[in-house]
Amino acid sequence: MAEIVSLQEGIGSLLKNGDTVALEGFTHLIPMSAGHEIIRQRFEELTVVRLTPDLISDQLIGSGCVKKLVFSWGGNPGVGSLHRFRDAVEHGWPHPLEIDEHSHAGLTNRFVAGASGLPFAVMRGYRGTGLDMFTATVAPITCPFTGEELRAVAAINPDLSVIHAQRADRNGNVQLWGITGVQKEAVLAGRKSLVTVEEIVEELDPRPGDVIIPTWLITAVAVSPGGSRPSYAAGYYQRDNDFYIAWDTISRDRETFLSWMKDNVL
Amino acid sequence: MAEIVSLQEGIGSLLKNGDTVALEGFTHLIPMSAGHEIIRQRFEELTVVRLTPDLISDQLIGSGCVKKLVFSWGGNPGVGSLHRFRDAVEHGWPHPLEIDEHSHAGLTNRFVAGASGLPFAVMRGYRGTGLDMFTATVAPITCPFTGEELRAVAAINPDLSVIHAQRADRNGNVQLWGITGVQKEAVLAGRKSLVTVEEIVEELDPRPGDVIIPTWLITAVAVSPGGSRPSYAAGYYQRDNDFYIAWDTISRDRETFLSWMKDNVL
Amino acid sequence: MELADTYTSDEMMSIAAARQLSNNQICFIGIGLPSKAANLARRLHAPDLIMIYESGTLGAKPTKLPLSIGDGELAETADTIVSVPEIFNYLLQPGKIDIGFLGAAQIDRYANLNSTVIGDYNKPSVRLPGAGGAPEIASSSKRVIVMLRQSTKSFVDTLPFVTSVGFGAGPGDREKLGLKGAGPVMVITDLGVLEPDSDTRELVLTHIHPNIAVEKVIESTGWKLRIANQLKVTESPTASELDAIRSLVSAGK
Amino acid sequence: MELADTYTSDEMMSIAAARQLSNNQICFIGIGLPSKAANLARRLHAPDLIMIYESGTLGAKPTKLPLSIGDGELAETADTIVSVPEIFNYLLQPGKIDIGFLGAAQIDRYANLNSTVIGDYNKPSVRLPGAGGAPEIASSSKRVIVMLRQSTKSFVDTLPFVTSVGFGAGPGDREKLGLKGAGPVMVITDLGVLEPDSDTRELVLTHIHPNIAVEKVIESTGWKLRIANQLKVTESPTASELDAIRSLVSAGK
């Protein structure tokens, strides 16, 4: 059963230096406040897993928390580059960043395999691409029935999976709706999981299109209103597209970035 | 886009003798009326795929429509045996029945592979069981990352997949809710698909827990009120548990069965 | 205490099984005997038992005994309903289930189960319904509890077909087969309770139900049954246990 | 017709792309140029175009251009929303998508695409965002349409990295790699339209946009560009097309 904790406790007790941590949320419901807490607690040497590393990953990388990034699309959606990510890859600042790079379909299936308790998943993909050559977590596999060659992707089971959701009840059952991405798979694949929520309510009245994650599949739940901003939480607040555009300027320069982090996160 | 047809047209135009036809519905929303239509149109040599062959499969088998049954649990839920199924397997009446037998998890994953456009799916299962030895659609597979031996199950892509749902709109978008089993996977795995529905409505107002199958994934939709009886359709009618119990008597004897079919189906 | 003095062996079996379940356990429930015992536990000491049925209903709280694993009331009272692929791939396979609760037609001394055929597979004398969810419930649940009535027809020396693996041919076999869960920790019958020996993995009679003779259990077993050195007698059903099971059964009518 | 006389090459590119889409096509939309063109088509001749975004929104009908593939309006106006595993495994992979609509940073003569790095992979001069959904959109959609602005920086002789396979090294390569879809049938740029030669699979300039010189296209291509024998001129934007694209862009502000 999930324990209800503060965000500070949740991150502090469930994460340790060197861990693999997934932060999932596909454009919607990105666990920003949890990422900020990781930065505030100055975790180091993390392997961060995220299909779409965006602002929160840029901040984690620029703050020196990240040793390795496992990802499939690292950009500022609709805006352009992630400058802290680029600076780390291109110039090793604040230190060199290892990467394990996939397609969305591939990384998604790594989470699916992890959630399924399997060591790998099978897919059509990678063949003929450069991705196939630069990762150790993709391998050929042959269909025992047809002889067709496909690709296996290695399961991912993060030490900690973090997502943000709209609501939980007092027992720690979680409800999210709208675009739900690979969040369920991330939680299920995690050895531990932390869900930040907009609020805790008496009862989770059913919603069309909702996903319920029962409390017995979750390690801890923390209330964090606005925990997704500048991403959005359907039913609570909208995406702050202007901030995504502003981030391009804030993040472009190392000093501007550090000073913004100091003023707004630390 | 799905065409709206009569049940008679739907079965008549989409099915042919010798086809592999999946009839899915897990206790709930079983496509009974579609099965009856198959019997009335006297189709032969069918391979019927169904996780839980129950009354409708018993009727199809006893009526001589079925050459082969692909299944994972063939009983009358909570009541006991399927007598027509047993009679076919044990005594070859009305003719011998081939079987390809799986666990629920195995047959489910065969549908998942079919729906995913893959030739097989990977799972933990079968090892050490008799099932492993009596089917050609399970094979060992070795994880290329860990060396662990697991099982591959062959994809199933029925010529026609039939399910029953609560509602469709005039464009052929389908909505079902409650226990939805492997119905989505069955439809997606089918080369063609037919969905019978309780009713066609102007608009599919969203429902908690609903599954929407867009019209562009469906071949045809037919209105068939009560099409699941004696199974049930949540929101429309309840399961006729008494009939399930009565079926034990009706089906036990060949003549009683034939006469019931003549009076009630043909 | 008159109530408690007269009860059937089936009632004793269900009550003995219900006692094994407790609040907040995540329990994957087979239909029939296991479903009855689990629902009984919910009425007694384990209202917060988390019942999972293979139809995809998670946390179902039925007020009467379901006839099938997909009855409407299971769906209506569930915390949430997931698809069948999800039940098997995301919940059972990765070991999220605490207790797999199974029935079967036959069992052998290593708690392997048969629910497929009696006789030859290709020409069976009795064709049973088959596997359903059982093989993976048996292999992937953290622990398995089995319930079946004890007789020489059901407790057999050699299974005609292994539908679900208990301990295979003995120690080390589950590991060799890559089965992740601990396997059957207890077999509860209408006569007593059997548990696997920690070394040999062979089922040993550890509890005998009240008023049952050990000879009766031995005679009802198709192999030379081992008896625990310290054989215990199952506690008799209490009045409230019998009340609960009888109102459960009548609510199911 | 003054409107139609003054338009940008980007407007021409979007309009030319929008014209390729029609009602009831199931179209997997990349963000940026493809999203703009698809939404333009919906405002013009294809209101029933079925737009799929990789965020899981099926049949989205946004009134303004989304900034990201997961904007709230896409979710609110979708026929249904599915999980990301479902989008890739159940819709894209089995070939249910009619048109995959992609952008890229670079393209080669066989319509292979790069959106990963400029320079060496391990020490890139420019680190681009990477693959996202593109590799599987390119391999599994029934047909692929690519949009990108034409220059010697984007139309290159040798890609530093193949993110998404077009025709590989030429005829037969898609089949050899087991890629199920037909691959890129059209590349639409700000200067014209290129299509693969049916024998060699090399991209050939088949349409040139109005008022663009062929020399300009040749100079903007990093390989010796082949020109179709019957080079056609793209139809100029109509007033209603320009109206539609301008109101779409201003609604997106």
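Couple of notes before you dig in:
All chains are identified by letter, namely A, B, C and D, in their written order; residue positions are counted from 1 within each chain.
Everything below uses one rule, namely that contacts are C-beta pairs under 8 Å (C-beta built on N, C-alpha and C of every residue); 3 or more make two chains touch, one makes a residue touch a chain.
Only a predicted model underlies this, so the values are computations on that prediction, with no experimental measurement involved.
Each step here moves to a touching chain, and the least such steps from subunit C to subunit D number 2.
Any chain touching subunit B that also touches subunit D appears here: A.
Note on chain placement: the centre of subunit A and the centre of subunit D lie 28 Å apart, centres being C-alpha means.
Averaged C-alpha coordinates put the centre of subunit A at 40 Å from the centre of subunit C.
Counting partner chains per residue, subunit D has residues 80, 89, 93, 140, 180 touching two or more of them. Residues of subunit A in contact with two or more other chains: 117-118, 123-124, 148, 150, 184-185, 209. By the definition of touch given earlier, these chain pairs are in contact: A-B, A-C, A-D, B-C, B-D.
By the touch criterion given at the top, residues 31-32, 54-57, 66-72, 74-76, 80-81, 83-85, 88-89, 92-93, 116, 121, 124-136, 139-140, 161-165, 168, 173, 177-180 of subunit C touch subunit B in their complex. Of all the residues in subunit B, the ones that touch subunit C in their complex are 26-28, 51-52, 71-75, 77-79, 81-82, 85-86, 89-90, 101-105, 108-109, 111-112, 123-131, 134, 148-150, 178-182, 184-185, 209, 232, 234, 238-239, 241, 244.
Chain contact summary for the complex, subunit A toward subunit B: residues 117-124, 137, 139-141, 143-146, 148, 150, 152, 154, 206-210. Those residues of subunit D that touch subunit B in the complex are listed here as 24, 26, 50, 58-59, 79-80, 89-90, 93-96, 140, 180.
Contact residues on subunit A toward subunit C in their complex (touch as defined above): 1, 115-118, 173, 184-185, 188, 212, 214, 216-217.
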